[in-house]
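Presented below are the structures under discussion, each in the form of structure tokens.
Both complexes below contain subunit A, partnered by subunit B and then by subunit C.
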Partner chain A sequence: MTLWAKLRPYGMVAPAILVFSLFFIYPIFYMIYLSMFDWNFVSPTKAFVGLQNFQDLLSEEDFRKVLTNTSIYTILTVTLTTGLALLLALWLNKRNIFHGFVQGAIFSPHIISLVSISLLWSWLMDPEYGLLNWVIGLVGFGKLQWLSHPSTALVSLVMVAVWKGVGYNALVFIAGLQSIPADIYEAASLDRSKPWTTFTKLILPMLSPTIFFLVIINMIGSFQVFETIAIMTQGGPINSTNTLVYYIYENGFRFFKIGYASAAGVILLIIVGILTIVYFKLLSNRVHYR
Partner chain B sequence: MLKSVNDTISGVPIGAAAKNDRVFVRSKRQALRRTLRAILQVVNYAGLLGLVLVFAMPFGWMLSTSLKTLPETMIFPPEWIPHNFVWQNFADAWNTGPFLSYFVNSVVIAVGILVLQMLTCIPAAYAFARYKFKGSGFLFGIVMVTLMIPGQLIFLPVYLELSAFKLLNTHLGLILPFASSAFGIFLLRQAFKQISEELLEAARLDQAAEWKIILQIMVPMVKPVLVTFALFSFIAHWNDYFWPLVMTTNETARTLPLGIAKIREVEGVATWNILMAGNLILVAPILAVFFLSQRQIIKAFVYNGVK
Partner chain C sequence: MMKKFTALMLATVMTATLAACGSNGAAGSQATSSPSEAGANGGSSKKIVIKYWYAFGDKIEEAKLHLVEGFNDSQDRIEVVAEHQGDYEDLHAKVQAAFAAGNAPAVTDLESSSTGVFARSGMLEELTAFAERDNAELQLEDFNPGLMGNAYVDEKLYGLPFMRSTPILYKNVTLLKEAGLDPEGPKSWDELEQYSRVLKEKGKTGMTVPADIWFYEALVAQSGGKMLSDDGKSAAFNSPEGVAPVEFWKKMVGEGLFKIPVGDEAGATADKDWANQLSAFKFASTAGVNGSLEIAKGNGFEMKTSFMPANKDYGVPTGGCQLVITAKQSDEEKEAAWEFLKWMTSKENTIYQHKNVGYLPTRLSALESEDLKAHFKEFPQYKVAVDQLEYARPRPMESAYPEVTKIIREAIEKSILDPKTNPQDAMNEAADKANKLLNK
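Moving on, here comes the complex of A and B:
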């Protein structure tokens, strides 16, 4: 092998690896470094404070509220999106033009910018003139405050996230359902097993890799929710929708507490890291494989 | 009656007299089953229609609002088709900011990212799929970490980095962090791996140069995956709000999504007709492309979920 042939693979991966190292791997370490300093972005010197930022964060009322909000938002969004998507997939899993059209319709919000989705739903959820209040009025409900009241704002954001994500999730489930070999279904129907048994004993185990995949990517996505919050609620009313990435953004870019924001970023990194590891562990151990 | 039904089920014949009865019951049962199936069919299609409404109505409402006068947006019960179409709303939305510049920036950035990603991902994916080399495991580990940990997490250090390079508020600053894509490398690597070795051997026997083999034989074979990835990348970056928001402090490099979000600050919160008009400017191209190539796009986005 010539020297050139030996070097070729390195030359081919170098540009990509360079980009990842510069804008991904290095920033992770830089963020961990910054999290141990007190710095306001303008001052020429950074003061080393050790783990003080983490201590301050964890003892701060607001940050605990932020963690609670993020958790509630994530749990609700993930369960509703994945659960509803599975039901929709079982319902829509047919190959004909009409079902194809419905699949396209429920998928469409997935490719729309979150800016558009946020503005559109802010209008639909307007307490005075919103279409949503008119619709629930038709069924006899009173007007809701949606995003303008602390008790409904977070749930309203969950609604928007589910509306945006459920179609994509359902189509991934449908792809999963269609990859189950037909003879397995035939065997089940020959055994005259009840639909419910077929579902719990056969379809669900076969779908478990898909379910894990969706739960994890939905979780990682929900943990870093930002756009809807920045546009629809700005974290309010009274901090009821303030979540991790928005909190980091505000602390870094509005209050210029770089070290403090970095510490919050490190906490988010740990959460996402744990989720990713759990995903791969579960994938390699428990998930059913054909 | 009930007895005969049981008989039919168990399938035990009880003499000739019962036979006629059974045939009658069977046809009646079939009729019942048919009606039941018809009712289910109606419920099914009504449900599907309801489902489509839940997803289409908000977009319809956006279109409707964008053509109304401000007082018309407050009328209830709502008018779905406004009396006069107020096209002025679109002009008003367009004039709230430097929209031509937003539009150009959006195109330059999304296309720039796409081109660079192709240039960096294809060779890297090929090398990971086809060559054995020392350290490839470690290097691919870097790709996997990048794939798994979301970029939204490290915007603060990246901001400081770009600011040190004097790249804030430039197209380059918004393009470079995405000049390669871990997802793209992952997808393309799978595709390159599936190409059979025999094909390569034949080309090698012809003494063809390695780069010629790659460009003229291998890359054309993964074209469907390239198209899939290109669609995915373009839509993701066309829609992106977070990075342009965080990495710009003035209008020079800002993109359409930021311009649309800013209409609210310029026009005030309650001018929903103008806001929806602006929103439509952002949504319409994507929805149009979606209707034209729905199959491809759905494949592009669902692909990573199945593999």
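Moving on, here comes the complex of A and C:
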């Protein structure tokens, strides 16, 4: 084997490795490094504070609130998006014009910029002038405060996330459903399987890799929620919609506390790292790989 | 085995991707550098190109771009490239990131209360020497003294007042007349309350006002209080004077006389309620005079402006932005930036931006000019903010103040939204939190 043949594979992966190191590995280590300093990103001196930032973070009431918000948001968004998408997929898994149209319609939010979506929903949810309150007024209910009250703001954001995500999820589910071989259905119907049994014993197991994939993707996406919050609520009212990534942004770029923000970033890294590993450990046993 | 390995790889990749997103708030922004201005440092025959970053769109943007164009046409050595950067918060975050990346604009708008944190972090060029050298032309003493409080940090000059403002009271005179109220008032909190009661009987809201920190600062000033202690090391807003505004707002909302929307759209809601004649009053920056006059005309009502009503006395914070030069520019760029600053803040140009937007005329000589005297006669709505400057005070400039304002706003919103929350308790709690930050 010539030297070139030996080196070639390395040469070929080098660009990818370089990009990966530069934009993923280096920032992680730089963030961990920064988390031990009290710094505003621009002043010439950095003060080393050890683990003080982490101590401050964990004793900070707001930070616990932020963690709770993020968890509630993630749990609600992931269950609702995946659940609704599965139902829609079961309904839409037919080939005709009407179902194709519905499928296209629910998919369309996926390709719209999240910033436009946020602005649009801000208007729809306006307590005084919004379309949503007008509609529920017609039905005879009182006005909802939507984003303007701590008790409804987070759920309103979940609604937007579900609306945006459900089409894409349904599409992936439909693809999953269509990849189930027809002969299995045939066998089930020959055995006079009831629809519910077909669903639980046949469709769900066959779909489990898809479900697993979507839950993970949605979970990670929800943990990173930022745009809707930055545009629609800025974490308010009274911190009721402040989530981890927005908190990091807020501390880093509005309050100029880069060290503190990095410490929060490290905690985000740890939480998601653990969650991902746990998910793979737990769920990989149950997932039915063909 | 292979599956397990793939799964593990996937987990690693996902974690790493996520971490990179998380660190956007910290380290990621270094990647935002763009090609530096080619030829910016070129020979003397070449034009010097400097960047100017500004905030806000619409009339404010139009005026700023007009002034920049005027500067570029007025000479052939310097070319200023103006770039829009969103609102003040977006602008500040971007300037900070660009500075860290060594790519900051030579000149930028800077919201007045943020001068402290920017100057102390070494992001701003000190202007004292420039001002002394060129004072024959600049005439620093010609700037309205009421606007210079935020220009100095630790007795050093860092900015020149540009589009400065105070909040004022906007009144729908047509509504007031219909309700049989004297359109010259209300001059005090008590009168504001009485007016609102009458308006409520007519099915209107007295005022829609967001629990904005700037308005709160004004109401504290009107009550004779202060936001922070004189040395800036501790909170003073939990004094009786600081709690009075919150109690006033809570009472007005409780009786349905005021509407205090919360959340990100609160300011927009207040403007809409006023424009649609649902509420008779709004507090807003003097920057909105021109725009509000157009709205009033379009919706067929008469509009007046006046001082914000007094409690113990009148009082307002100043606001708006000044122009600053960022540190670490070459000498040539600094000189170019300084030329630009002098142009933007000249007498003629402050008159222009005042007439076309509504921000304060920053120079005393501008106020004396025939041009503005005639303008005030025709549109007295513009003059109110100028007269109100007598009662103006600078905004706090402590580095921790942006975070403190968030804490205060939360305490106010909590007091208003939750009937069980006692304003004094909420403000005390906020003061405890603020003290920790201010003492650092």
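Note that in this section the second predicted complex is superposed on the first by the 286 of 290 C-alpha atoms of A that agree within 3 Å, B and C clash if a C-alpha of one lies under 4 Å from a C-alpha of the other, contacts with A are read in each partner's own complex, and residues count from 1 in each chain.
By definition in this document, a residue touches a chain if its C-beta (ideal position, glycine included) is under 8 Å from a C-beta of that chain, and two chains touch if they have at least 3 such contacts.
Treat the numbers as computed from the prediction; the structure is a model and nothing was measured.
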>> Quick check for you: in the superposed arrangement, does A:Ile220 touch first (subunit B), second (subunit C), both or neither?
In response: both
>> With both complexes superposed on chain A, which partner does A:Asn69 reach: first (subunit B), second (subunit C), both or neither?
In response: neither
>> With both complexes superposed on chain A, which partner does A:Thr243 reach: first (subunit B), second (subunit C), both or neither?
In response: neither
>> Once chain A of both complexes is superposed, is A:Phe253 in touch with subunit B (first), subunit C (second), both, or neither?
In response: both
> Does the superposition put A:Phe24 against subunit B (first), subunit C (second), both, or neither?
Replying inline: both
> Residues of subunit A touched: more by subunit B or subunit C?
Replying inline: B
>> For A:Tyr168, using the defined touch cut-off, is the partner it touches subunit B, subunit C, both, or neither? Pick first, second, both or neither.
In response: first
> Touching A:Gln234, do we find subunit B (first), subunit C (second), both, or neither?
Replying inline: second
> In the superposed arrangement, does A:Gly273 touch subunit B (first), subunit C (second), both or neither?
Replying inline: both
>> Just to be sure I read the superposition right, which of the two partners does A:Asn40 touch: subunit B = first, subunit C = second, or both, or neither?
In response: second
> Which subunit A residues are contacted by subunit C in one complex and by subunit B in the other?
Replying inline: 20, 23-25, 27-28, 30-31, 34, 126, 128-129, 220, 224, 231, 245, 248-249, 252-253, 258, 261-262, 265, 268-269, 272-273, 276
>> For the complex, give me every residue of subunit B touching subunit A.
In response: 45, 47-48, 51-52, 54-59, 61-62, 65, 73-74, 76-78, 119-121, 123-124, 126-128, 131, 133, 136, 139, 142-143, 145-146, 148-161, 176-177, 179-180, 182, 185, 210, 235, 238-242, 245-246, 257-258, 260-261, 264, 272, 275-276, 279, 282-283, 286-287, 290, 294, 297-298, 301-302, 305-306
>> Show me the residue ranges of subunit A that touch subunit C in the complex, using the header's touch definition.
In response: 20, 23-25, 27-28, 30-31, 34, 40-44, 122, 126-129, 147-150, 153, 216, 220, 223-224, 231-234, 236-239, 244-245, 248-258, 261-262, 264-265, 268-269, 272-273, 276-277, 280, 284, 289
> If you look only at subunit C, which of its residues touch subunit A in the complex?
Replying inline: 3-4, 7-8, 10-11, 14-28, 31, 89, 92-93, 96-97, 99-100, 117, 120-123, 261-266, 269, 272-273, 399-400, 402-403, 406, 409-410, 413-414, 417
> Once bound in the complex, which stretches of subunit A touch subunit B?
Replying inline: 5-6, 8-13, 15-17, 19-28, 30-31, 34, 88, 91-92, 98-99, 101-116, 118-121, 123-124, 126, 128-129, 131, 134, 163, 167-168, 171-172, 175-176, 179, 210, 213-214, 220-221, 224, 226-227, 230-231, 245, 248-249, 252-253, 258, 261-262, 265, 268-269, 272-273, 276
